[in-house]
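The same chain A turns up in both complexes below, where it pairs with chain B and then with chain C.
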Partner chain A sequence: MPYIPHTTEQTGEMLETLGLDNLRDLFSGIKEDLRPKSFDLPPTMSEMRVVQQVENLSQKNNTKICSFLGGGFYDHYIPAAVTDVISRSEFYTAYTPYQPEASQGTLQAIFEYQTAVCRLLDMQYSNASLYDGGTAIYEAAMMAVRSTKRKKILISEGINPIYRRILDSYTTNLHLELKTIPQKQGQTDIDALEAALDEDVAALVVQTPNFFGCISDFSHLFAKARKYKIVNIISVNPLLQSVLKTAGEMGADIAVAEGQSLGLPLNFGGPYLGIITCNGKLVRQMPGRVAGKTKDSEGNTGYVLTIQAREQHIRRQKATSNICSNQALCALQSLAHISLLGPEGLRLTAETCLENARYAAKRLVEIPGIELLNNEPFGHEFAVCLPVNAYEIVDKLTEQGYIPGFPIGGYYPGMENCLLVACTEKRSKQEIGMLAEMMRGAL
Partner chain B sequence: MIPEELKYTKSHEWIKIDGEQAAMGITHFAQEQLGDITFIDLPEKGQQIAVGDEIGSVESVKAASEIYAPLNGEIAEVNENLEEEPEKLNEDPYGAGWIAKIKFTELPADLMDAEAYSKLVSEEAH
Partner chain C sequence: MKTMFQKSKKGRTGVIPEEPEKKAADMVPESLLRSAPAALPELSELDVVRHFTRLSRKNFGVDGNFYPLGSCTMKYNPKFNEKLAALPGFTDLHPLEPQLRGAGQFTQGALEVIYSTEQLLCEITGMEAFTLQPLAGAHGELTGAMLIAAYHNKKGNKKTKIIVPDSAHGTNPASAAIAGFDVVSIESKDGIIDPKALRESLDEDVAALMMTCPNTLGLFEDHLPEIVDMLHSVDALLYYDGANLNAIMGQMRVGDVGFDVVHLNLHKTFGTPHGGGGPGSGPVGVNKKLEPFLPVSRVVRLEDGQYFLDYDYPDSIGFIAPFYGNFGVILKAYAYILRLGRDGLSRASEYAVLAANYLRKRLENHLHIPYNRTCMHEFVVSAVNQAQNGVKAVDIAKALLDKGHHAPTVYFPLIVKECLMIEPTETESKETLDGFVDDLIDILETAEKDPEKIQNAPYTTPVRRLDEVRAAKKMELRE
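On to the complex of A and B.
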């Protein structure tokens, strides 16, 4: 099918056959007052002028900046080989694998992605991926609501505020009770979470490291929740799962993550990767696609989409979700990244991030006026309290080519002086030293 | 494959009355239409049911179908073997493939006998 617009002649012929005068008549079924009065489009431009205009806009981007931003999305190094693998046209242009006989490559890649992610998080089943870490939390919560038939969800305020906003938006008209348990000075309040457990709760949702970087072990809390038959949902950082206690080890029922840290560029906000995994019977509640490995009629190994009865095209109103897609290319990119780094490489990367963060924390608290928000163990990011509004420091340092971190106050009222500082393996000792000196100078 | 002694619903469930209880399942026609059954979502023991309620569902490789309560009453027993061996629903829908036993009060008026159900099946089979 060529992507060539109709000629005026062709359009005329079609209108004549239809007995219509002009294209507007095709929309006669839409009431006059519902049609747009104008589309408010600027005059057309030649290709040359369009390119110039877009290039001017792109000059406003700054990608040469040294960034200590985090908050769920991190500046990691992506090996060139990863981009090379996913740029292959077989992968880059492949469409949805609903016809297994024509999609074995895609299906095998999805199956391997699912396997890799299960091993990383120590969970039994994964799906073919969702849009991002935030919607993954929403889908996990809905799995719990469906399987327990309860309506209350306990949410730790330490969970990424963007993810919590997504959960709010998606569940707005579902008549669910979302109960947020406040964080305590950046720490996840496990005692308060435990106190809120009861038989009306469908799911307990927590995150480690939390938005402030604090690491928690939820094994004990999950064991308590299990007594009430509550579904334990945990959101993790997938890279750090290579060195921290895993979701599976803690006894999570559903583990979700944002896969951006595994080989996806920041790309000004996306596309990202929603990882969702679960244990046991919950697999029947999982949304989206699931690839499976099987044998064909001749006994050869083959890959298919399986347990499709959960999906819309099999049972429209009873589908586990409205999602009928996955982030296939992003999942493949993550798979390529995980495979190239391997367990050793992932671990080394994670350890380097942790070391850099500790070095940065040490250098920053040496500066008079700066202290850590709390003394809890942290992952590769941590929160500091400044003697001034965090935005002031961010503005000053950004002009000098360094983004010192993320001002927390916008999402957590009362913390306007707090800054979230993330360190990946890309941040060198020199850069961290420069950051410290610039902060000292700015205060 | 429509046993004479059973009663049938329009949604292809069968019941076998045994005093104050009745066993229920899905018919041969239903399992044939579904194909290889891979999973059954069973009702719960003790559940109160009314005629027409969705009390569970059956999933095959190509479809999913609701199971509707054929009677008013209470689920007295559930065939948990079907969790491990859903294929019994295909192999022996009237025997080992029984789904639940219901303690019921009265029989609904519109249950079909074998002859009426047989007519329904030949109409639907087109």
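On to the complex of A and C.
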């Protein structure tokens, strides 16, 4: 049988040690009426056949198309060395570093990851990572609820709608009040957010660039919110943080991000990387694993999982979170990516994305009937209004091998004509030109 | 070893992308730009590769070491899976594509992987339907608890409590609490759930019991049928924590025996790598009663063989993850299940249980085994006798590192003093198991003659024993 090393003779010896005749005797505790009603699975297959079968499935997907899809998840180039580094099985066949002396590789990498994301976002503390950017918003909101002992969460409609739905589901039974402040033509409505601040609010949750691509400075809003002792939570794009005003500079208390754009492939939705960082005493409310520096018995520097008094295996039902894993390998992947590109490489990548997005916006608004949703500054993604339903255009262009963007109407009723267009550094000027020509032809 | 920040040299570059024509300041108002570049490492590509290569050498992993970490199922991770998960036909796929009507055709292969994996897991467990969305085991538990809440809400049941036996998996109480339930703990008797204690805690307010079976002592729950009936008699549900499914594949299906909700850990039972702590994958299966509440989206197969995403489930608990789960992990589990097939999965459980019992038998004269009877895939030993001589479970664990073995899980479950929880898995040879026993016996003999030697272990690891109290006090969490 695959991956079972025991010979018939050895199996016999082991059974004999136990005084048993056959393997079935090991399961005599499972009585006859508990036995499976069926176990109708395919027969064992050779490695070659499985590889062929799965390769065939991969070929049923088409990844040769030219895509301008974003929506929080982006097609960036990943240097070969990133993939190489995380392919070392000393990293990927280890588990959570419960024995720190035998896990210094993983632990130092987590410590470095925490340092890197703190420096990128200008925040004080990071944990070892969470599942994804959406659950990170939920965990951040719960940190605020616990630390303020308040029940109201104020959330901008400019937050990725997928994340807002995750927050909705998780808080259903928790007797919290979720108040969504509508966006205005794709802009985060800062005035309306400010008007909604009061002493009952635990958390204010905003995003930049928001789902529509608009960049905002929340410094003023955060300063106002602080007067009510509200926890300011911001969701950012970590790649663009290399050039844009940072979470820390704006005065956020908790900053979260989806880390996918730092060296993780799109992978049909996962695994991704939930970045969560905070300032000050909020670190005591941090969910999940955290690595810290210490000394060994001879005074050498080493790393361990720390401030574990927050965690589920010690606090049981009173823990800050039920999370007992992190996305360690994904965190390692992003750390490799950050260190290979360095501050300069990240900046150049971000600037190319911004430049491509501006070129695309310019080309698209030249087409009669297409205009920008608003005139706010944007990042590497922007929304346009079309004279027709955006799904129609997407349908037409996909037939020609182009995905022009994401129709917003599914998540924002009334915006059926809006299309969200993302540009990464991988899109060339020629491809953007082709997109514009095809859009022109399709209208 | 220096950190990458300490190795950084100002002006050194690694992978340098193409130069854009414009600077950020030409494109975005200055008030929206960061004031100074981030202080990130400036390294060459070789610097980075060498840094990580050296870090990797400071790790134990399944590929290099026996890793009998109880309840974690550290079995061998087949290499062909890594190759399959790296196919660009999967890695380059944008998750929003199937949400565009016209582009769903581009993702048929990936949707088929999801659909087929759900079907296979249904057959393995006897459940009616699965969602692959939960991103880890604990995330699966939370999803399961949310499903339980949705079921009772829909029926108008006012139920507030979830019962968690003291022998259950460690995350259960926190998962139940986070879903909004009060947690009631019940004490086990002779290592398993005591029906009498359960009856005393069971009332109309109980929404569910979360059971790990075999439990964290590695023991099968002998009173299972009685427990199922008791729970269902008050319309409470039975949750199966699948952390230990590697013990029972082909021997029992949790759906057949009356469990209503189950989560699995693909990174344990189905051979996907643990990644140093993640990414995992924690699919949740349900029976007919709970199917309407599963998270959306769900992958549906049409009569013509096409797959699409269906969101039309009005009773669904909604979104619990951004997309369809940790697809890269799911893909490996799918290939693993195909590779092993019916007989391979059954054999895996048989040999996992054989290996655990063999180790138990070989150790029974050397360490206290509080529940020394036929176990399932893992068992718990206790160093209470050694502790009288000053050598604790943690000391034995550290001494094992010097012998080149990863340590078993220590101090869990909480109900056994000075415990070590040992799970060898089916993929370790008899030679490895024998070598582990010999090394452990050697450590125990030394512990008797020279306890200080074991108390000061480890000696050969990249660092000596680390001061965890200092770390918690100083809180140096970054540079």
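Heads up, the rule we're going with is that the second predicted complex is superposed on the first by the 386 of 443 C-alpha atoms of A that agree within 3 Å, B and C clash if a C-alpha of one lies under 4 Å from a C-alpha of the other, contacts with A are read in each partner's own complex, and residues count from 1 in each chain.
Methods note: a residue touches a chain if its C-beta (ideal position, glycine included) is under 8 Å from a C-beta of that chain, and two chains touch if they have at least 3 such contacts.
Since the structure is predicted, the reported quantities are computational estimates derived from the model, not experimental observations.
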Just chain B (first), just chain C (second), both, or neither: which does A:C278 touch?
-> neither
*asked:* Going by the contact rule set out at the top, does A:R315 touch chain B (first), chain C (second), both, or neither?
replied: both
Of chain B and chain C, the partner touching more residues of chain A is C
Message: Looking at A:I233 after the superposition, I want to know if it touches chain B, chain C, both of them or none. Which is it: first, second, both, neither?
response: neither
Partner chain(s) touched by A:M14 [first = chain B, second = chain C, both, neither]: second
Practice prompt. May I ask you to decide whether A:A247 touches chain B, chain C, both, or neither, giving the answer as first, second, both or neither?
Written response: neither
Pick one for A:E101: touches chain B only (first), chain C only (second), both, or neither. second
- chain B versus chain C as contact partner of A:I155, first or second or both or neither: neither
Contacts of chain A common to chain B and chain C in the A-superposed view 307-309, 315, 318
The chain A residues in contact with chain B across the complex are 284, 307-309, 314-315, 318
Counting only contacts in the complex, chain B reaches chain A at residues 38-39, 41, 57, 59-64, 66
